[in-house]
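In structure tokens below, several structures.
In the two assemblies presented below, subunit A is common to both, partnered first by subunit B and then by subunit C.
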Partner chain A sequence: MSEIIQKVKNLSVGFKSQKGHEISILKNITTNIKKGETVGIVGESGSGKSTLALAMMGYVKQGLFKMGGECIFNSFNLLNMNNRELEKIRGRKIAMIPQNAGQALTPNLKIGYQIDEALKLHTNFNKNEREKKISELLNKVRLPSPETIALRYPHELSGGQQQRVAVGMALAGNPDLLLLDEPTTGLDVTTQAHVLELLNFIAKDTGTSMVYVSHDLGAIAQVSDRIIVMYSGEIVLEGPARDILKRPIHPYTYGLLNSIPKLSLAGLPGSMPGSQPQPGTKKEGCSFYDRCNLAEEKCKKNSPDLEYINELKTSVRCFNYKKLLKDKSKKQLSTSRNEKNIKINEILNLTDVSISYAKQKLLDQILNKITDTNPTVKDINIDINKGETIALVGESGSGKSTILKSIAGLLRTKEGNIKFNQDRILSNDLKKRNSSDLRAIQLIFQNPDESLNPNHTVEEILAQPLKLYFGLSGEKLKNNIIDLLEKVRLGKFYMTRYPRQLSGGEKQRVAVARAFAAKPDIILCDEVTSALDVSVQAAVLNLLQKLKEDFGTTYIFVSHDLAVVRAISDRVAVLYQGRLCEIGPSKNVYKFPSHPYTEVLLGAVLEPDPDIKPKLVAEDIVEDKPPEKGCCFQGRCPRILGDKCKNETPPWQIGDNGNAIRCHINIKELENIQNGN
Partner chain B sequence: MFFLIIKRILLGLITLFIVSLITFVGTEVLPGDACTTYLEREAYGAALEACYKRLGLDIPAHERYLSWAYNVIQGDFGYSLSGQMPINEVLGPRVKNSMVLASAAIIIGIPLALILGIITALWRDKLPDITISTVTIFAMTIPEFISATLLILVVAIWLEWLPGIVIVPTDVTVKELLPNIILPVIAIAMIMTAHMARMVRSSVIQVMASDYVQMAILKGVPYWKMVFKHVLPNALLPAINVVALTIAWLLGGVVVTEVVFNYPGLGRLVIESISNRDLPTVQALAIILASIYVSINLIADLLTLMLNPRLKTLQIRK
Partner chain C sequence: MEINKAKVNKKKSIFKKISEVLLTMASKPSGFIGLSILVFHILLAFLSPFLAPYDFKAIDPSLMLQAPSSEYWFGTDSLGRDVFTRTIMGGRTALTITFFGSLIALLWGGLLGIFCGLVGGKIDDVVMRVVDAFLSIPWILAMLLIVSLLGTSTQVLIPALGFFYGKGIVRVARAATHDVIAKDFIVSARARGHSNLSIIWNEIIPNVRDAILVEGAMRWSWMLLGFSSLSFLGFGVSPPTPDWGLMISNARGLMSFAYWAVIAPIVGLSSLIIGINLTADAFAKALGIDRSTKAPV
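What follows is the complex of A and B.
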């Protein structure tokens, strides 16, 4: 057994409430980190993962304080040391890779300076050696042309590049322990897979121990040797990664794994009811009691201890774990969607749509000349059938939201038209759309915090569309609101609440209710579950599916998460740089990805299974604009044919199973290559 | 970047144009005019007409505006009525006197505000912050005319340390002026400093809570180095515009304070020429004060543009 480098003993951290009560957000945490191992800490937002990781650096956020226990790194008792002493350890012995590198790099200092600063503090190199070391570090994190990158400011790099810089900076002091707080959250799937692969390489290469904090079990599965599952400030399960992921013996972990949509499984993930208790609200009993489907009477009164099971090398905090131990069925619970055959009854047709963000020069506007020959979104042709869920997928910057905004009328199309119900061409200009067109198309946004007016109660929020489109008032209005709330499974008493009094999932339900209030034909969903925890995400997805079945609504669903798209959509359109690459029924696109870009995207998806490794087939270069001519994917295509791809726009080809792709390689040939792999 | 600067300058010029129009129209619609005030009881018949003729008040208003604007652009504000001399000559020493007053207030106020703001932010909720914050909030709420009067009462009348009222000729030299300006400067600087210190404090606190400062701490950067390299440049950048606004706003304070202390500056001239209905001078003052206001804001915008790496590249790329 290798030596322990970080010991956390009975650690409790809390804050003082306004009434002066001490409320703990970490309760009695005890765990060890061994030399050279990577430990994943996983849990929903608010479970205390980041607080725990920061405490391992002797850092307690402003407003929090240590209530008891200790963190011992080698022989240093970190939480009892003063800042002067900690400065010698931080960055040198223990380094941190932050959640959002974009915000964690100081905006007014160049990349090179920020790395140099760490080197100056923690090494004895002279100026020349440091300069060499900076290049070496940037090289190690696989950034192109380190010399020029070093001279840039943080905002001049893409998200993935910023994250790499942060990794490089953390490695500057050659630390024994690396703490990573959600290092890939917010990155594109392909970028995320590459950063994780880099981290794995560094862990092997340098023998550094890592603590990897994330809400994403998919990412955790790729890097961890051991996993700690946290719930409401406690460790509920801890053990070897493989066992935890394959045979979770705590009901919470079981439910969590169940609520993650998987590529390999069609249908909606099972959802867990309720949400994590707020700190300070739970008095006695098991903290998971309200949401647990194995709960018994004794769980209500007594809280279980963390019990170590020798033969499994696992610790678990549950009275009934044995029930899950016996449960040999590995089958994932997933409610299958009825993929009933959708009648060809087109409700929305996008014809040759292009959209440009470039501002037209005044003169060209007067002469009505089109100057932007290379618009952000170009040549989009999609026919959408009534009652289907069509998803737009692609990396950030692929124009998914842009297309949605145009359909909603928030953004003018430059060319082409959008037809509703086969005969009405929707106006380009929101102001010129009539009330029934406006009612017919509703939007749900990514972030309910921004789309719900914080000064209105839920009742007022839902009353708005009802008054506007149906002129309801009085008793009728009220009954309709109660009805709507019921549909999204919220009680009547939510009417008087303000958005800040709702949890993330509840807010998104209100946003869904508001969209349905207009009795729309089409609902545009822009990353509606991205801001939610997986268990909440599963619930919202199930809700959306249920409502759709009840009302026959058509969804246009935008997401960067391919597994979510797999779970909810009937048809997928894959976009790259504002151009369509592939479109077809979900089950076929996922089973036989034929376009090289679809192959790249699907290969990078992380599954919460240590045995399914992502396939990285293309570099994660960021292109800031689409190529002038030829295939849009030429810059990154692993199967590029040469000049043909660079000069000629590829033709559409339709495969036997209904997939349409845009590529110069014959679709049969592509299918064969990919099946051969 | 170049276009942005041109755009800002153009906007400033438009503002000036509008101000000139408003003052012109304003003085036009007020009952009574320069001649009736000047001639008082003799304001009738031939004398009045002669006066109108001499001042050019007999030609239509828009023509008068155009010729006036034309002259102003060339730096000629016309003729003061009460002083009976070119306005430029009246203004010269007054501008100088006010400049001395304002610059003294700025030279003392800005560094003091920065220091106080930074101290209160870094020792947030500790004793230094609590004391300084109480004092600054108190100072912020007292208008100049009260603080000026109190200063005169305490320092000049009770303690008899300094002269309470400034009794010097308008064309006094700077050296003679200095001992007289101490109290007015304190009165002006107090409220301005308090405002800026609060602003700097909240800006520094905000940056201190940012992810990149937490990162710098976790990187092991020593405290003061972190403050100077990571915190202050980012915290003070947004403060530039507020400082500019405060300085521009100080102009109003200058007027009040000058009147209370009988200080021979632009501010007193404003009040004097309004009560004398010396309309040409009022117009000239309005334009001058507006130009100062506009240029201070312009300078602040340009400084922000130049110092913020983010804006710089944004502009180059576009």
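What follows is the complex of A and C.
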């Protein structure tokens, strides 16, 4: 048995409500972190996972207070120590890596200087030793040419590189315990996979214990030896990573795993009803009772204890876990999607669309001409059929949202045109579009917090399109609103609520209802589920699918998440740097032959399965501009052919599967290499 | 008919909102104290003409500088006028002028700020420069100039004060508008094809209104201080109208032996300023607006 370095005993943390009640957000947490192991803490937003991680370094956020229990690190009782004493431990013995490394680094100081400061603070090295240590650390986190990186400012590094620097800084004091709070959230898929791989390497290399906090089971699966699942401030399941992921014996974990879309599985993931209770609202019984499909009468009144099952080395908080224990067959609750054959009846044609953000010169402005030889988005040709869901995928900066905005008329195209219903070219200028064209195309945004006016009630929000397009008022308006709310499975009583009184999933439902209020032909969905928790995401995806089947709406679905795209789309278009790389029926895009970029993306997807490791075939370089000529992917392509790719624009090739790939490598050959022949 | 009904509903909800905000404000001790002081002063301003025991301008040399007594509660001043009478009436002009001054400040500051936030770019730059340039002149000097040119009538004082205290509101309104127009709900409204006016009215104003109102309430208390300084210097209210600033100025020289003539107006003025300040703070808290990062003036 290896030695325990962090002991959390009966820890409760809470806050005082306005009415003076004490409300706990961590309830009686007991767990141990052993030397050299990596523990993943997973849970939905608000489950208390960050609060727990912070407590492990003796920190309780402002506004919160310790209600009981302790955190003992080696022999230090962290929560009873004063700041002076804690300073000696933080950074030296326990280091923390926050979610947004860009914010944690001081913007106006060079990277090398910042690491030097950390070393000065946490070690007793002299100047020479420190200099050596800096390049050693930068080397360790695998940054290219440490000497030049040390002289750069944080903003001159990409998000992934910043995160690496943060890891390097955290390692400066040679800590025994490294706490990571969502360290890869917000990074691109490929970057994320690289950072995780680095963390794995460091864990092995240095023997540091890690606590990895994330909402993403896919990421947790890649790094953890042990997993703690939190729900509503409690540990509901804790055990070896493999067992938790392969055979989750708590209904919440079971449902959570089911609600994650997977690459290996077409169709929509199963969804869990409801959402996590707000702190202080649940008085008695099991906190998962409202959403649990194994719930019984006794769960309503009694709350289960965390029970340790010796033979599984797992702790579980559920009366009925045995039911899941027996259930050996790995059922997939995934609901299959109707993959109807879509009639070829084009509704939107993008022809040679180019879009530029470049500032216009004055003369060009006067002549109303856009001159930019290397625009952000170039040569997009996509024909979209009525009733299909077409997805645009790619990493950040690939121009997905840009294309959506120009379809919506919010951004002018530089060249090319967008044709609606085969006969009408949509104006470049929003003001010149007629009301029926405006109505026909609606948008749903990523973050419902930002897309709903906080000062309007749900009723007012939904009334806007109804008044604008259909001139409804009075009783009719109200009935229509109620109707819409029912369609998105929200009750009538939501009408008087303000957005702040809704959960993330409910807000997004209102946004969906607002889009459908216009009775649109096309809905543009911009990362509509990426701000939501997985279990809520599954429900929203299911809702979107249902509405689409009912109304025959066409979706253009933008996402960076290939698994989500797989679940919902009929056709996929892969974009890199504003250029189309591959397009085809979704089941075929996910099969080889693929464009080398698609291959890189697919390889980086993190699956919640310890046996499926990401395949890192390309470096995670970030390019800020597409190349002037040749193939757009030349800068990162693992299969690059040389000068041909650098100088000549690759041709479109159509494979047997019907997916079109834009690459110089012959498609048959591509298939052979990718399948490993 | 239907529309009428909707309007009634709307009005009711605004009324409800106001009473809710007031209740929240009064639920904290500081807000309660602030509100009570403010309400007390407002009531006093309305009722003082009926409550005053003496004529505020009756000069009687024989009663010069009497100490407080059961007859003259706060004593008399150097002209033999009753200090109590003059004190309870001394807030009327200041309160009225600064209230309307603040309204004007709110109006032009708010509108200009929203406009600048909306258009952005070059126009915004230029307008803000001009506003800054105008207002970098020490306001008291500028006020003195205006007053000496145009006189000290209410018609001059209200707009002049309103102008000088609107600058901060321009900044706040502009910043708030900037924040709001970047939000997706504005993009969403634009994509639906709402007119600019409808977007300003429905989407922007409701989201910047609170911040602007809070700033206006704050400016009110500063304006009161500013106005009293003007009176103190003799450029505010003209005698014999009772006014705290003027009373303090007149009685200041005799402070060593007739302290009563100066203490009462000081208490009146400072309590009103504190009252408005506390109220504005509570107002900000009730609306959930964080003013802590902004420095005065």
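FYI, the second predicted complex is superposed on the first by the 666 of 677 C-alpha atoms of A that agree within 3 Å, B and C clash if a C-alpha of one lies under 4 Å from a C-alpha of the other, contacts with A are read in each partner's own complex, and residues count from 1 in each chain.
Note that a contact is a pair of C-beta atoms (placed from the backbone, for glycine too) under 8 Å apart; a residue touches a chain by one contact, two chains touch by 3 or more.
Because the structure is a prediction, the values reported are computed rather than measured.
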item: Contacts of A:173 with subunit B and subunit C, given as first, second, both or neither; value: first
item: Which of subunit B and subunit C A:100 touches, first, second, both or neither; value: first
item: Partner chain in contact with A:294 - subunit B first, subunit C second, else both or neither; value: neither
item: Which superposed partner A:57 touches (first subunit B, second subunit C, both, neither); value: first
item: Touching partner for A:90 - first (subunit B), second (subunit C), both, neither; value: first
item: First (subunit B), second (subunit C), both or neither touched by A:109; value: first
item: Touching partner for A:121 - first (subunit B), second (subunit C), both, neither; value: first
item: Contacts of A:155 with subunit B and subunit C, given as first, second, both or neither; value: first
item: Touch list for subunit B against partner subunit A, complex; value: 209-223, 229-230, 233-234, 237, 308-310, 313
item: Interfacial residue positions of subunit A with respect to subunit C in the complex; value: 408-410, 430, 433, 435, 438-439, 441-443, 445-447, 450-456, 464-465, 468, 473-475, 514, 518
item: In the complex, subunit C residues that touch subunit A; value: 2-3, 5-6, 183-185, 187-194, 202-203, 206-207
item: Touch list for subunit A against partner subunit B, complex; value: 54, 57, 59, 61-62, 83, 86-92, 95-96, 98-100, 103-109, 117-118, 121-122, 153, 155-156, 169, 173
